[in-house]
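Consider the two complexes below, in which subunit A is the common component and subunit B and subunit C are the respective partners.
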Partner chain A sequence: MNSVVASITYRAMLGRKRIWLLAALPLALIAIAVLLRLIGGGDENTAVRLMEKFAIGTILPLLGLIAGTGVISPEIEDGTIIHLLSKPIPRPSIALTKFAVAASLIVAFSAVPTFLAAYLLIGTEAGVAAGFAFGALFAGIAYAAVFLLVGVLTKHAVVVGVIYALVWEGAIGGYVPGARKLSIQQWGQTLADQVSSSPFLKADVALSFAAPAIVIVTVVAVLWAGQRLRGLSLTGDE
Partner chain B sequence: MTQPTGVIHDIGYRHYDGVRLSRGYAATALALHSLRGAFGLGRPARSKIIPFLVAATMLLPAVVSIAVMALLKQQPLPYTGLAVTMQAVLAVFLAAQSPYLVAPDLRFRVLPLYLSRPVTVLDYVGAKFVALTVALFLLMAVPLTLIYIGELLVELETPVHHGDYLAAMGGSLIFAVLLASIGLALASFTPRRGLGVASVIAFYMFTLAASAVFFGVLLSEGLDNAAKWSILINPFFLVDAVQVNLFGTDPSNGEGYPPGFGPAAIALAVIALALSALFLRYRKAAAS
Partner chain C sequence: MSVIELKQVSRWYGNVVAVNDVTMTIGPGVTGLLGPNGAGKSTLLHLMAGFLATSGGTATLDGKQIWRNHEIYRTIGLVPEREGVYGFLTGWQFVRSAARLHGLQDDAAERALELVEMTAAKDRRIETYSKGMRQRVKVAGALVHEPQVLLLDEPFNGMDPRQRLHLMDLVRKLGAAGRTILFSSHILEEVERVAQQIEVLVAGRHAASGDYREIRRRMTDRPHLFRVRSSDDRRLAAALIADASSGGVSLTAQGLEVRTEDFRRFTRLLPRLARDLNVHLWQVSPTDEDLESVFSYLSGRS
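Take a look at the complex of A and B:
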């Protein structure tokens, strides 16, 4: 971990107007929760559906994508990463720092608003708010690690990430039950199911698979990203 | 002190005496170049991967449809449902390619170079918009036409759906115009390609999830009418609603849409808003 690298990355992610890209989606989530409460949809079923579809199913992957690739891809695209890589800082430590920044941003902009939105909708009923916040926390960290790795591996990181989140987790996961096993958001729902006692929430993946999977994917992705940074080649684009 | 003596040598530069092509020619050339670029033509091999993958995926329903028609003698997918069924694929194409059309010119600040020619801001924006619209239209129209040709050749017992095919082609054009205007407007706000992709896809996934959540909640509250309006948050259902009301086709959401001119008015307002945002963005970029 390197505090200077971390502070530069935070500034790149939050500086000027960029923070709005991160803040817009969580604000929309909270606004929708308030709106649903006002039109009288504040029951447990609605809350679980909103959390499943919206908080874990949409906002979490999107923020993971924006934060995970955002901490490193623009620098690689610009070529300015060469200034960072030429400093006597171990490359795996750069990867770890970037991962920590991305993970902290996802926790702040996704797990916390998830809790707030569910709390506004139904309070602490059946542990829905706490459960989904818990699930979003760990799934968000896994997303940060995976999308950081994708950002180091390819220049088209965002497109690859979109295809994973939208086509694999969204479309294919909707029809093929087997695909849900390899989906980070499903692992998050499994974790949410552990904390929440709501009968409306049913996880498809067993905890004995999801919990180790999250840990292994996170650790392997960060280590691989660090390894990959040690031999990064800067190629011209188009 | 001697006066400096300089000689201007004639090194053989020649004037251009040929025909000066018009402003329209330049705009057409820009549009054609952008259209080719949207499919990765004239760009390196790895820029071709995603558009080619998307185009191949869009052809899959056509292939399956023709096979089913030939073997089982029935039509599995109605023409008018193609875009809604394949919306995720179209959204990926829009998100991946609309930043390519606008971001590099903004990022490398080459807009003044374009504008030093007869091309105006309006021409530039129009060319990019037409290119993306045509690209999206082709993605939908080619599979539709293939299915149509298949239906003509297979000779099903049911009469050929001429009307549905034409309605779907008209609907595809509306889809293309609406999606292209939204995609370009969102992508033009950042000169970085990655952020552009992220913001377009964030818009799509947000509207997708919001329309599903509101539709479900309002329906369970018994507010059927409000539920039908709320599903229009998703641009694909918005255009499908316009298509249903305009051409009288079957709705693809299974529930029906609000009748009348409401959806069409919303769609027109969205297109107008997106295009004026795009134009204002470029007028500002051209001035800087």
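Take a look at the complex of A and C:
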């Protein structure tokens, strides 16, 4: 971990208008929760559906994509990464720092708003708020690692990320039961289910699979990103 | 004293060969890497800076492998060509971050900014800088740790004449102090003003190597083609063809076309002849003076 790398990365992610890219979706989530509350739709079933479909199903992967690729892809694209890489710092440590920044942003802009939205709707009822925040926290960290890796592996990180998050997890996961096992947001729901006692929430993936999967995917992705960064080729303008 | 050594280095991208079997040693002093655009200069610099793996051959710094070795950056300072600087940082923040990444204190950053004369503008954001100022801030960032080796990719591009002279002076001083400095350029005048040693790269191949006098001689001692328009083309043509420096003279509707075998002699002969014959010269222009033709001639000979 390197504090200079972290501070430059935070400034790149949060500076001026960039922060709205991260803040827009969680604000929308909270606004929906407030609206539902105002029109009296704040029951437990609605809260669980909103968390499943929107908080974990949409916002979390999108923020994972924005933050995970955002901490490194633009710098590789415009060559600013040379400033960090041409220093006597082990590159895996740069990758680890970038991961930590991405993960912290996802926690702040996804796990925390997830808790707030659910709490605004139904308070602490059935542990829904705490459960989904818990799930979003760990799934968010895994997303940060995976999308950081995608950002290092390919110039088309956003396209690859969208295909994974929307097509694989969103569409295929909806129809092919097996595919659901290989879905970070399903693992997040499994974790949420452990904390929440709500009968409306039923996770498809067993904890015995989801918990080790999250840890392994996160660790492998960060290590792999570090190794790829060691061998990063810059071709210049020629 | 540090030395970068390339041994039979090649680099290809798919079917395209960017650098072809280059062997060179870059030692203390200033070396200019000269070549037309697309000759593979940036590729070669990236190979030396650890941002590209060789497809064949070895690239070493003081005997140690460069690729996948972050320790080399204690010795190397790199100024890339692309404007890769964080626009949202001020000049000071940028150079200080470079110092901190090297584990150095603020005084190192202050020294480096002074060296490139950017102290006055250091608190402005880099995105407000001109191209030349960005270039200088990048140089400062590469110099914070007083590296033994400095690699600069087209460093004088986009600088105004005063900034250019200042940076040239700085590069010369660092070279005189025993640092190993390599910079790339496609402009011969730029290279010969700063570098003692010149390496010429043409189409990915090491076309020539030597001091600037040697390279200059090779570049000028070649057949030149001139177009001349005057008040009396025919008389001038007759006098020109009588001299040994002319390889051929033809009368065309646009004036004379003169091929000369001896550049220096011809350039002295022409004004003298015109004066003696009382012929007015309207236009004298070289028609093959573009760098590509100079370089292709040079690479064809060596």
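Some points to look at:
We adopt the following convention: the second predicted complex is superposed on the first by the 234 of 238 C-alpha atoms of A that agree within 3 Å, B and C clash if a C-alpha of one lies under 4 Å from a C-alpha of the other, contacts with A are read in each partner's own complex, and residues count from 1 in each chain.
Keep this in mind: contacts are C-beta pairs under 8 Å (C-beta built on N, C-alpha and C of every residue); 3 or more make two chains touch, one makes a residue touch a chain.
These numbers were taken from a predicted model, which means no experiment stands behind them.
Shared-chain residue A:Pro113: touches no atom of subunit B or subunit C.
By the touch criterion defined above, A:Ile82 lies against subunit C but remains apart from subunit B after alignment on the C-alpha atoms of chain A. Of the two partner chains, neither subunit B nor subunit C is touched by A:Gly64. When the two structures are aligned on the shared chain, A:Gly131 is found in touch with neither subunit B nor subunit C. In the superposed model, A:Ser73 lies in contact with subunit B only, and not with subunit C. Contacts of A:Arg49 after superposition: subunit B is touched, whereas subunit C is not reached.
Subunit A residues 238 lie at the interface with subunit B in one structure and with subunit C in the other. Taken in their complex, subunit C has these residues touching subunit A: 13, 18, 37-38, 40-43, 45-46, 49-53, 67-68, 70-74, 76-78, 80-86, 88-89, 94, 97-98, 100-102, 141-142, 153.
By the touch criterion stated above, subunit A contacts subunit B in their complex at residues 18, 21, 24-25, 28, 32, 36, 39-41, 45-46, 49-50, 53-54, 57-58, 61-62, 65-66, 69-70, 73-74, 77, 156-159, 162-163, 165-167, 170-171, 238.
On subunit B, the positions that touch subunit A within their shared complex are 43-44, 46-47, 50, 88-89, 91-92, 95-96, 104, 192-195, 197-199, 201-202, 205-206, 208-210, 212-214, 216-218, 220-221, 223.
By the touch criterion given at the top, residues 2-5, 7-8, 11-12, 15-16, 78-91, 230-238 of subunit A touch subunit C in their complex.
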